[in-house]
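Take a look at the structure set out below.
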Amino acid sequence: MNEIATCMHGFAPVDRSGLALHDAPAESWSTVFAEAAELGFSAIEIADSHIRPAHLDDHRLSELSAAAAATGVQPIAVHVQRKSVIDPRLGEDNLVYAHATIDAAAALGCTVFSTGLHQPFSEAQRRALWFWTAPGWTDPDDPEVRALAVARFRELGEHAASVGLRMSLEMYEDTYLGTADSAVALIEDVGLDNVGLNPDIGNLIRLHRPIEDWREMYEKTLPHANYWHMKNYQRDEAGDGSWFTSQPSTLELGLIDYRSVVKRATELGYTGPYLMEQYGGDSLGVCATNMRYLEGLLKATTASSESGAR
Amino acid sequence: MNEIATCMHGFAPVDRSGLALHDAPAESWSTVFAEAAELGFSAIEIADSHIRPAHLDDHRLSELSAAAAATGVQPIAVHVQRKSVIDPRLGEDNLVYAHATIDAAAALGCTVFSTGLHQPFSEAQRRALWFWTAPGWTDPDDPEVRALAVARFRELGEHAASVGLRMSLEMYEDTYLGTADSAVALIEDVGLDNVGLNPDIGNLIRLHRPIEDWREMYEKTLPHANYWHMKNYQRDEAGDGSWFTSQPSTLELGLIDYRSVVKRATELGYTGPYLMEQYGGDSLGVCATNMRYLEGLLKATTASSESGAR
Amino acid sequence: MNEIATCMHGFAPVDRSGLALHDAPAESWSTVFAEAAELGFSAIEIADSHIRPAHLDDHRLSELSAAAAATGVQPIAVHVQRKSVIDPRLGEDNLVYAHATIDAAAALGCTVFSTGLHQPFSEAQRRALWFWTAPGWTDPDDPEVRALAVARFRELGEHAASVGLRMSLEMYEDTYLGTADSAVALIEDVGLDNVGLNPDIGNLIRLHRPIEDWREMYEKTLPHANYWHMKNYQRDEAGDGSWFTSQPSTLELGLIDYRSVVKRATELGYTGPYLMEQYGGDSLGVCATNMRYLEGLLKATTASSESGAR
């Protein structure tokens, strides 16, 4: 069975004294991993909003590995967020940082380097209850910038391959990875076996605007998926399109039918890890609830394909 | 304990190759029933959006029965949807089809023939995320048309009785079955013991407009209920009535208090089957979650009425 | 482990015959307590919307105690609602009533007398689907009225202390207990050890208007908390602030992260009872679901602080 990992949204990036988790002693890292283990997780995604492996020296990186190993929670991916390699000002710095992260992820025993094209929050996003309800960055309609994205992702993908990692690019609105078609086109243009999509369609169905059909998006993107951020939202729309609303929900209850999507992914040969993600409320609790739900789906899918194979 | 059945919303009516489940080989039907059984269901409602028993010849009907029997999932009802017997154009055809469905339902060993007055989706409903947010068909304020509905339902009800079936009419907005009072009046005008209501109040509390009080609706309609589509929605309204929003939810969490409603139905002597229904998301998973919840309610209700009887 | 009690929202205040639960024979009270016990509760809050202990004579009060004791469900608090001691018309009557309630609560073996400054529903609140979406009472910006609140709460607090009770004041919008700062200031002005806050932040995050950050509200109010109404809501806001929507949810799934809040309360030494509260739907069922969830949180918190203490 594929690995099911938790995200780190449920852990505070900075403690009450103002100390960042990144700078905290290894004991604080142990507490994080122990809490994930207590909830039943044996895998975790290291988000660089919380810990930046690229910025840890060898000793601290070993401490991080040891803390994880001691609790039985394996880091499966390092996720670099909002540090786009085509950021107009910081793109080159972000590229250097991404390279360093790939090496650190390999040192941690991860199998995935995860990133995307989303950029830092706008002021409106920072003020919003949910950042996805406010306008943010939009990638320019400029073939040269897109070509730069392709070139830099190819460079990172080759590096990742050389250290045994997959690289996965997260779908995110208003970037070159913002629609099913544009995301697939970008992956195809990068053209490397170890570079695939993270079909995080949850990012898209929560938007306060018209959306693509989630079933069609998965049908197009799942064949290219090599990592998978899973979350779900309830959603309602005015009949006349004058408003849209969404709320974080469980995998079972939200708009996306994960039962059919997971079955379809299995048919298509998806073998990557699953990352449980949840914004708001008890993120860790919902991630654990979702893990148990997903385990049920995977068991049902396995049983049904074994029975079909007879 | 009454039977608890699953709806078929969680199954694809047409597979990826374009083959309709109705036309698929019996193996495909077996897969459907097996998935319901795997989730713990021993009863299912055959929806004619998926399989039209009236359009199966004797051999295929036997195959359908056999597929169900082999998995231990009994078809308890055939549900004819959006084929109103007072459709201005197709009413007579729909009447003929309803008669044929009653015979097929009896052949399948069902106990209920289920239908209603809702008509095919409007273009706006087809385009909407949730069809209930867009305007649809409205039955005319015309005593002759209503009398025709009564006459044809009486004819169908007599046929159903002659083959040992209940007939149940589903409450649905903007039809003669759209309010508690009008639904009860229609049942009383039909005036047959085996013809009752399906108090699918979930259809009404999800509407983006002012609604009747659900408690009052159940109080009026439960005495006439002989089948029961159960689903629930969360709901919010602007304080000034300028907007309404709803989202599919679990039986436990939505607006309707099924704990008190099920207790009230038991007091009133309801003995019909319960049909778990859910739109959106993992319909099958939520139906199974709801079945376990309902089993708890029924157990509590039974325990309390036994204790009360001492 | 602290006590976890259920609210009475799931029980009908008046039965179908028009008989108020307050006036009902003790057998009806037994039925209520038995249903709470059946759901796993061993503690309950007596809400004076349902039973007014102050208005029961000694015999009836003994019957109430006996009914509770027989089912193993202990009344831990009496909650006086919408009877503000600074009501312009009824303030003095409400003060007398509060005193009588304190004595009755002590006689029932409660540990908490719970009240607040909210006043009777406005006509708009009575008409609304959810009362919190319509405008209600606002405490005047008048130092004399506020001083009267302080004086009367001090008087009640001293009485409560004299019979061994805590007094807890519930946070509620548009009253002197409506923001974190104003609520803390009121408690400090009352200045008694046995008088604290009920940080019912759920009351505030459900409002259809801009809200304070729930984390900051808890950080300010938890140090003063001595009783705790717990409920949660999902919430969405338009990016431009033109609308706000909320829906009753489970403790795990709503906006507030109770995992981190309960941990923080434990760090701060909170030792009061927890009261499960839910509006709409199956209030009792959700309260029981929330109790099991909270038990998990408390177990995790205890395990983690014991491990930290080694």
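Which chain is which? They are A, B and C, in the order written, and residues in each are numbered from 1.
The rule is short, and it goes like this: contacts are C-beta pairs under 8 Å (C-beta built on N, C-alpha and C of every residue); 3 or more make two chains touch, one makes a residue touch a chain.
Worth saying up front: this structure is predicted, and the values here are computed from it rather than measured.
K.L.:
Taking touching chains as linked, do they make an open path (line), a single closed cycle (ring), a hub with spokes (star), an all-linked set (complete), or other?
P.N.:
complete
K.L.:
Taking all residue numbers at the chain A to chain C contact, is the shared part over half or under half, that is, same or different?
P.N.:
Copies use mostly different positions to touch.
K.L.:
Quick one: report the Å distance separating chain A from chain C, using the average Cα coordinate of each chain.
P.N.:
Computed from C-alpha means, the inter-chain centre distance equals 40 Å.
K.L.:
Which positions in chain B touch two or more other chains at once?
P.N.:
In chain B, residues 234, 243, 245, 247, 249 touch at least two other chains, as defined above.
K.L.:
Show me the residue ranges of chain A that touch chain B in the complex, using the header's touch definition.
P.N.:
Within the complex, chain A contacts chain B at residues 232, 234-239, 243, 245, 247, 249, 251-260, 293, 297, 300, 303-304, 307.
K.L.:
Residue numbers of chain C touching chain B in their complex, please.
P.N.:
Touching chain B from chain C are residues 10, 12, 31, 34-35, 38, 124, 128-130, 133-135, 208, 234, 243, 245-250, 280-286, 289.
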